[in-house]
Each structure stands twice: as structure tokens, then as C-alpha cells.
Amino acid sequence: MPLIKIDSVSKVFKREFSNKKIEALKSLTLDVSEGEVFGFLGPNGAGKSTTIKLMLNLIRPTSGTLSIDGKNVSEKRVRRMIGYLPENPFFYDHLSAKELLWFGGKSCDLADSVIEQRTYSLLRDLELIDAMKRPLRSYSKGMVQRAGLALALIHDPSILILDEPMSGLDPMGRKKVFELILKLKEEGKTVFFSSHILHDIERLCDRAAILINGSLVRLINVQKDLPSGKTLEEVFFEEVERSGGLRE
Amino acid sequence: MKPKWSFLVLVFCIAGYALIFPFFEKHRYPERQVQARELILPPHVMKLLALEFRTVTADFLFARASQYYGGRSYRPWAWTKNDYAWLYNNLRVTTELDPYFEDPYYFGNAIFTWDVGAVNEANSLLEKGVRARTWDWQLPFYLGFNKFYFLHKNKEAADDLLLASKRQGAYDFLPTLAARLYNSEGRTEAAIVFLTAFLKNERDAKIRGKYAIRLEALKRMLFIERAVARYKNKTKKPPRNLQALVQSGIISEIPEDPYGGKFYLNRDGSIKTTSKLALPANPEKK
Amino acid sequence: MNGILSLAVITFKEGIRNRALFGIFIMALLAFALTVIMTSLFMRDIVRIAASLSLTTISFSGLLMVIFIGTNLLSKDIDKRTIYMVLSRPVSRAEYIVGKFLGLCFLAAASIAFLGIISSIPVFITGIGYQNSMAIFNWNVYFIAVLFIALKLMLIVSVIMFWSSVTSTSFISLILTIAVYIIGSTNEVVKGFLDQKIEGMNITPLMTAVIKCVYYIFPNLSAFDLKLQAANGLSLAHGYVLWTSLYWVLYVAIMVSAAALMMERREFP
């Protein structure tokens, strides 16, 4: 049984005070199995973030269903299993990383001692220990991203959903995230992430989906399906061509 | 569909709200009365605090005064010195904040002359109004009446009337009336002229009532004064009491005092009444 | 429950570290100092005036704080997407609303408690010099008045939450909250004018209906204004505190549950 099941999901956005409709997703169907590392790629505006937010119940599908571990994503207990990192994370400015993680743990019903221990180990791994008690507004972009990862991991979720986790990071930062995803894979976690960096997807993912203009155009088993000699990049641009270019 | 708990909670709360509202309102009532008499700071402080909102503050203060009076005037004997002091303070500040606002002057004059007998307070308000509202002929007119009728300051009253007559819209009889004021014998007639004019001008029903009753009393007093004059003319000496007028057939009966008292002939020959031209203190008491 | 409480805690922390709060407190302290000076302008009833000015300062500072910081905290969630940090946890929309509300209430309560205690200093100082005036003063009523200011502010917080759940811009919810504050402060008085049929006021049946609706629907904020009673040492009628508190509970509950309901239907693209 797939862990994440997206079944014929469509999402239409209607702008206020106008009849203009935007079809962000057109009947998307997708499965992710337990322990898989799944990549999600596509041009800007393809619907990647939309799909991710649907999984987090931040927005609701116009039609179709999404379920995780057999439960509809609208149930809040589903989010106990998920660690989410948004594209540009924003946090309450005046909180420290420690307080942020305390909140993350408490809202998942973790005991104080567990939170304390996990906080220290996570912040050590992510090299945020020194900044632990400083307010988040004093953090650099890379530090914020890492704090976001810590928040996504504090409750030891079995599923990680990351929206463009490498965006805006310097090479050191990107390396850290890369290694983290590898580590999670080894631990048997399921990772679902969207990215522009095709090279990373090639190296990390088991399977990947290409989304263009709200439709799933190609599902690739990265290790097996890539024809010899072709890189993922080439396959990607092929698909873009085939779809007749990019939508506005 | 799962039951929407928040919707049910909302409906439940609205029901509860509707249920307790009457009780809340009932308990609120006594406190409202307390709050009706707001703290009035001295005029210079109010002016400062009101910033650019002086006129609005003046409007609001006056509405409060009016409401306060309306709320309690059906039992005017229940008014204490504090009530009048508050009202006076309120009107003083209101006219400081906005000296051109006409209502407080008229309102204050009506209450302080007729209800409280505090003519000097009323006059101080009116004088302010006369200075500020230079186009308003009525304020000096009322001021003149007060000085003539209550304070017996005939010359000053006449001056006020002349000032009024110079302002636009004044009644043309004002200069003539001013001349009459010097004549101490025509007092009641002069007063009747004033009151008739007031009655014509006044919009507020409660205040009209006061003028009407006073006017009626004065008319009856004038009737008696004229009867006394006819008696003197006929018998060459003044009557001993008012009964004499009836006995000698000058009048068929002594008119009743609309204030509930009895008219009598005073030693100096003027007509007075036991009611002193005021309504009884507390009609509820027997 | 953990979700609600932990959210309340971080909302409180975020609010209390806001620089604007500091500014408002400084302003309040200056106003208190000014109170002591101002009372020397008066001759009698000094303690009464000191109490009145102190309570006005608390009320005004509290209002500023609640309106600016309250809308700021809620708008940050929506404008700057900090809400993702909360909604990605196993926390429902309703729990989010309740948690935020509790956090802001703690903030309001703590601030008013602080200001309330400080405000009693000028009153006390003034009282020392003028024992006659002090005789009629009643500390019980004074602190109930402070409590009611806190209740009023928490009610306004619930109104802010409601507007924030309905509108998408923090500015609009700010304006609407100020409107509710002004209407709520005057609706009882206006209905009073209506009931007494003041001379010369022409009120059409339509206006009567509107005034009545406004009186029932908008919160009656004058019920929480006990400055006069506190200033004059008047004790409150029996049951007043009880029924007014009940009114408060139900009104706040209506606002919060309506906000939760609206929030459930909202999307955060």
C-alpha cells in the first residue's frame, strides 16, 4: 500500500472579484511508497508547491483526494507523521531556535525531556548550537533554512515533505541538505521534495515526476528508466518541448 | 460530513448570549445612571484634551446634559445641588469649547432661571453668548428680561434690549419695550410682552410649558391689577383685600393661580401669590 | 491541548518582545507621572481625578497595545506566511485560533496587571497629601475597574481575531476593529438617547431599527468602563460583576468560534 496517495486531484484557483480561473493542477495521480525518496520537478508555476500544500491541508483540492497512510490529509493526526519545510520559511522573529523547537515538539505531544534531548542533537548536527538562544531575526538565510529543517525533524516524522530545500543556499548549505536527505534515506524515511536542481534529483531520488502546466507528463524511475547516455536534464527539456513550451 | 463542532459551538454561544442579555441589561441600568454624570474637567483642561475635536466634544457634552435633564426632569424635586452644579459646569465647559453653539445658552437660561432660581449663573452664560454670537438678537433679549424681571436692574435691561434691537431679525417693538422698562408701573405688562415673545420662539416643549404657565399667571395678575385700579378709581381708596373686589362687583371672582397658590394683595399694593410663582416642591408628597 | 497551550506561549513571547510594547509602556509611565503633576491644578476631589486619569491611561495604552500589536501578530501570520510554521503541526484551524487568542489574552492581562499596579502609585501619592479626598476612595472598586479594562481589551482581541479570519489584509482588520471599538463605546449611549426621546430629535423608524441592531450586535464596551465608579468610590450593584462577566464570556466565545469557523474554510496558497 502506498504511503502517499494522490488520486485525480485537481485544483482551480479563482481570483477574487474576477471570473478568471487558473487551473493549477489537472487531475494529478501519483503514489509514493514507504522508504522512497521521490523528486518533483517542473518549471516555475507548474504546480509543485500547490501539490505540496495540498498534502499539508493548507489548501483543499477542487476535486480528488489525497491520503497519507490511509488517512485523508484533512485529519490533523496525519501531520504528526509529516515534517514540512516550506519554500521560504518565515518564523516568529523574536523567538530563538530553541523556543521554536520547543513549540514544534510540544505541539506534537512530545515530553519536555525528549524535546530537550532532540533539540540539542539536531541543532548540533545542523551547526546551529551557537545561535540556539539568539532570536531568529538575527539568522542568515542559510541558518533560517537549517532552523526550518530542525523544526521539520524535531518530532521524528516518518515522512519529510520539502519544498525547494536548496533554494537560496550557498554551496556549503546545499551540501548539508544533500547529506541530510541521504541520511534520512538510510534511516528508511520517506522523502518527497521538489527542486530545480536536476543534478541533485538524479543523485538522490528513486523516482521522480515531471510536472508541466499542472499535469504530470512523465514519471521516471531514475535508476532504471533513464536511457543510457541521457541525463535527467535532457529528458526534462524534451518533455518541456513536447508540451509546447511553458505557460504564462 | 463530520459534524462541524465550531458551528455548533457558535450557535450555542449565540443562544446563550440571547438568554443572558436581559439580565445583563437589567444590572447595567443603575451603572448607566452613574455614568450619565461624566467627569467634567475644567474648561482649560478640556480645551487642551479635545485637540481638534472641540466642536464634536461640545456637541457630545451638550447631548449628555440634555439627556441627563430629560432623564431626571420628570422628577425635578429629586434634583440636588450637585445635579445643578454638574449641569452648570457642563454648560460652562460646552460653551468654552464652542462659544457659537446656541443650544447650551438657551437650555441653560431656561433651567437656571426657572427651575433653580439661579439667575446670575444663567446671566453669566448668556453674557458669554451675547459676546460670541454677535448676530443673535435673542440672547440679549433673554438677558434683558432676566435683569428686568428677576434682578430689577431696569436700566441695564433696557441697554440689553437696545443692543438686541440693533441685531438683525429682532422684533420691532424692542426699543418701545426698552422705554417701558423705566416705568415701574407697567411691570406686569412688560413681563407679559416678553413672555409672549419667548413662548413664540421656544421649540422645546418642556420649556414652553414653563413659559406658558408663567404667562398665564401674569395675565391673571394683570387682570387683578386692573381691577384694583378700577376699584381705586371708583372708591378713591385702595381695597383692603381681593375679596373686596368681588364684593363691590368689579370682578365676578378671583382668578385661580395656575401654580396652585392663592393671589393676595400685598401691603405695598402689588399682587402676590402664596405659591410665589413656583410649582409645589413635590407633588408626590401629600 | 498541548498544541493550543504551546502556541499561546510562543504568541505571548513574540508579543512581549515587540519593541512597540516598550514604547507604549514608556508613554504610560510618563502619563502616570503627569497625573501627579496635573492633580496640583485642581483644588478639591484630587484623588478622584488622579484615579480617573490613571485608569484612562491604562485603558488608552492597553487599547493601543492590543490594536497595534494584536493586528501585527495576526497579520504576520497571514501576510508573511508564518502561519505555515503552526499549521504544518498536528494542530487544527480551530486550535490555532484558540491558541493565538489565549496567547494574546495573556499578553493583555500581563500588561494590564503591570500597568494597574504602577498606576496605583500616583493615586496613592496623591492620597497621602489629601486625606479628605482619600476617605471616600475604595481600592476594591479601583482594582475591579482595572480588571474590567483587561476584560474589555480581551474582548477587543477576540474582535481582532474575528476580522483577521475574515479579511486578508492586516490594514483592513485594523480599521474594522477600530470601527467596532468606536461603535461599541457609544452604542449604549445612543440607544439611551433613543429610549428617552430627546426633544427635537427626529428619529425615523429605520434609524430606530438600526440603532437597536447595533446595540445588540456590537459589544457594549461602556459596561466595562468603571472609571466613574472607581473615581468616586461607589461600590457596584450586586450581581453586576457576575452578569457583565457572563456577557463577556459569551460574546468572546461567539467571536472566537466564529473566527474558528471562518478559519476552517480558508486556504493558504
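Quick notes
For clarity, chains are labelled A, B and C in written order, and residue numbers in each chain start from 1.
Simple rule for what comes next: a contact is a pair of C-beta atoms (placed from the backbone, for glycine too) under 8 Å apart; a residue touches a chain by one contact, two chains touch by 3 or more.
Just so we're clear, the structure is a prediction, and the values are computed from it rather than from any experiment.
When every chain is represented by the mean of its C-alpha atoms, the one lying closest to the mean of all protein C-alpha atoms is C. When chain centres are defined as mean Cα coordinates, B lies farthest from subunit A.
Centres computed as Cα averages put subunit A at a distance of 80 Å from subunit B.
If you average the Cα atoms of subunit B and of subunit C, the two centres end up 41 Å apart.
Per the touch definition, subunit A reaches subunit C in the complex via residues 13, 50, 53, 56-60, 76-80, 82, 84, 86, 88-95, 99-100, 102-104, 106-109, 135, 151. Here subunit C touches subunit A in the complex through residues 2-3, 5-7, 9-10, 13-14, 17-18, 76, 80-82, 84-92, 95, 267-269, going by the rule given at the top. Those residues of subunit B that touch subunit C in the shared complex are 4-7, 9-10, 13-14, 16-17, 20-21, 23-24, 26-28, 30-32, 34-35, 37-39, 41-42, 45, 63-64, 66-67, 70-71, 203-206. Every residue of subunit C that touches subunit B in the complex is listed here, in rising order: 38, 41-42, 48-49, 52, 94, 188-189, 192-193, 196-200, 216, 220, 222-223, 225-229, 231-232, 234, 236-237, 239-240, 243-244, 246-247, 250-251, 253-254, 257-258, 260-261, 264.
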